[in-house]
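Right, I'll just put the structure down here and ask away after.
We just call them A, B, C, D, E and F in the order they show up, numbering each chain from 1.
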Amino acid sequence: MKISARNLLKGKVVSVEKGATTAHVKIEIAPGQVVTASITNESVDSLKLAVGAEAYAVVKASDVMVAVD
Amino acid sequence: MKISARNLLKGKVVSVEKGATTAHVKIEIAPGQVVTASITNESVDSLKLAVGAEAYAVVKASDVMVAVD
Amino acid sequence: MKISARNLLKGKVVSVEKGATTAHVKIEIAPGQVVTASITNESVDSLKLAVGAEAYAVVKASDVMVAVD
Amino acid sequence: MKISARNLLKGKVVSVEKGATTAHVKIEIAPGQVVTASITNESVDSLKLAVGAEAYAVVKASDVMVAVD
Amino acid sequence: MKISARNLLKGKVVSVEKGATTAHVKIEIAPGQVVTASITNESVDSLKLAVGAEAYAVVKASDVMVAVD
Amino acid sequence: MKISARNLLKGKVVSVEKGATTAHVKIEIAPGQVVTASITNESVDSLKLAVGAEAYAVVKASDVMVAVD
């Protein structure tokens, strides 16, 4: 499957924390650079996400903001 | 200003393309890893975004999906 | 690739309208039921989207609201 | 009330699962085609959402991605 | 229609700027406090949005971030 | 830090409710006008959000919809 989302950042899952319905998954996409995803518990199970797994953080371009110091 | 968005990826602006109302800004956050942001032309002007500028790609955790091969 | 987004609605592309930077793609997911996606022109090219193509409308669960009459 | 969101998919609520603060509501919009919405528990109460109720899944066009096989 | 989105900010349209596909609509929700919405041109037409019209800025809670100075 | 998000609504935190992973923060941006943000518990801690604190509700323009009566 190929998706229109412009941003696919490859990395490794470093943490999976399930809540009541919502989970937080952290993916290290470069040394020391970690992206946090808030997804459903259901997705964690469906994708069998676990620490150490290779995964992509996927973000639609319209969900990216820009900031400057 | 400190923001709740969990993901601030520091990089350098490598492209700014303005459309009629919406601009696409590309930020290189690691060698070869480019993030595309779709923001208003107004924001590009307000932040004086231009190629070569240091900038952050900012993403709320609830806007990050996870994919596996 | 398998994605965490909970909603993949299969259908057929019925319209592609490119703007200056942003395109609108309409996918018929059931007879008479059309979903509109606002994506980058770049994605339209990258996925070679054209009228008649099979495609999925993909939506993260946290981007779905509920309404009642 | 009339809303700018381009996508209103009518269906029937088939599941409501409340978490600590966030609920998952599933709406069947066509036979076998179910859309999952992640909304606040507060909204579930305010809209009195329950299994069997008629409801719409509402999605802004800029939150719809497109995928192809 | 009643929607799950937690944030409905009533105001008056103070500007409508159509682009090629995407429009920017500004709504004054309190004296001097203006909210900008990026929506499809199609929605502007469908809702007959024009300067002076009463309108609501509608935002899902999961799309609101918090910042502190 | 200066951010591209077009909407920064200044106010006072009137409620913080933490869930298992996701918190709901309410900010009063004008007398009687309250905005609800759904953010990570982690952000609440990181920003030290508490009732009475001054804070901004921040929303990207592409996440704002428009509705009319």
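In this section, a contact is a pair of C-beta atoms (placed from the backbone, for glycine too) under 8 Å apart; a residue touches a chain by one contact, two chains touch by 3 or more.
Listed by chain with UniProt protein names: A, B, C, D, E, F = TOBE domain protein.
This is a predicted model, so every value here is computed, not measured.
Both chain C (TOBE domain protein) and chain E (TOBE domain protein) are touched by B, D. In summary, the pair chain D (TOBE domain protein) and chain E (TOBE domain protein) forms a contact in which both copies contribute largely the same residue numbers, shared numbers making up over half of all those used. On a Cα centroid basis, the chain most remote from chain F (TOBE domain protein) in this structure is C.
Chain copies chain A (TOBE domain protein) and chain B (TOBE domain protein) are related through a rotation whose angle, from the C-alpha fit, is 180° to the nearest 5.
Centre-to-centre spacing of chain A (TOBE domain protein) and chain D (TOBE domain protein) amounts to 23 Å, using the average Cα coordinate of each chain.
One finds 17 Å separating the Cα centroids of chain E (TOBE domain protein) and chain F (TOBE domain protein). Averaged C-alpha coordinates give centres for chain A (TOBE domain protein) and chain C (TOBE domain protein) that are 21 Å from one another.
Under the contact definition stated at the top, the residues of chain B (TOBE domain protein) that touch 2 or more other chains are 1-6, 19-22, 24, 36-40, 42-43, 47, 56, 58, 60-63, 65-69. Pairs of chains that satisfy the touch definition comprise A-B, A-C, A-D, A-F, B-C, B-E, B-F, C-D, C-E, D-E, D-F, E-F. Within the complex formed with chain C (TOBE domain protein), the residues of chain D (TOBE domain protein) that make contact are 3, 5-9, 24-25, 27, 29-30, 33, 35-39, 43, 47-49, 53-69.
The part of chain C (TOBE domain protein) that touches chain E (TOBE domain protein) in the complex is made up of residues 17-24, 36, 38, 62-63, 65-69.
On chain B (TOBE domain protein), the positions that touch chain F (TOBE domain protein) within their shared complex are 1-6, 37-40, 42-44, 46-47, 56, 58, 60-62.
Remark: chain C (TOBE domain protein) residues 1-5, 19-22, 40, 42, 60, 62 touch chain B (TOBE domain protein) in the complex.
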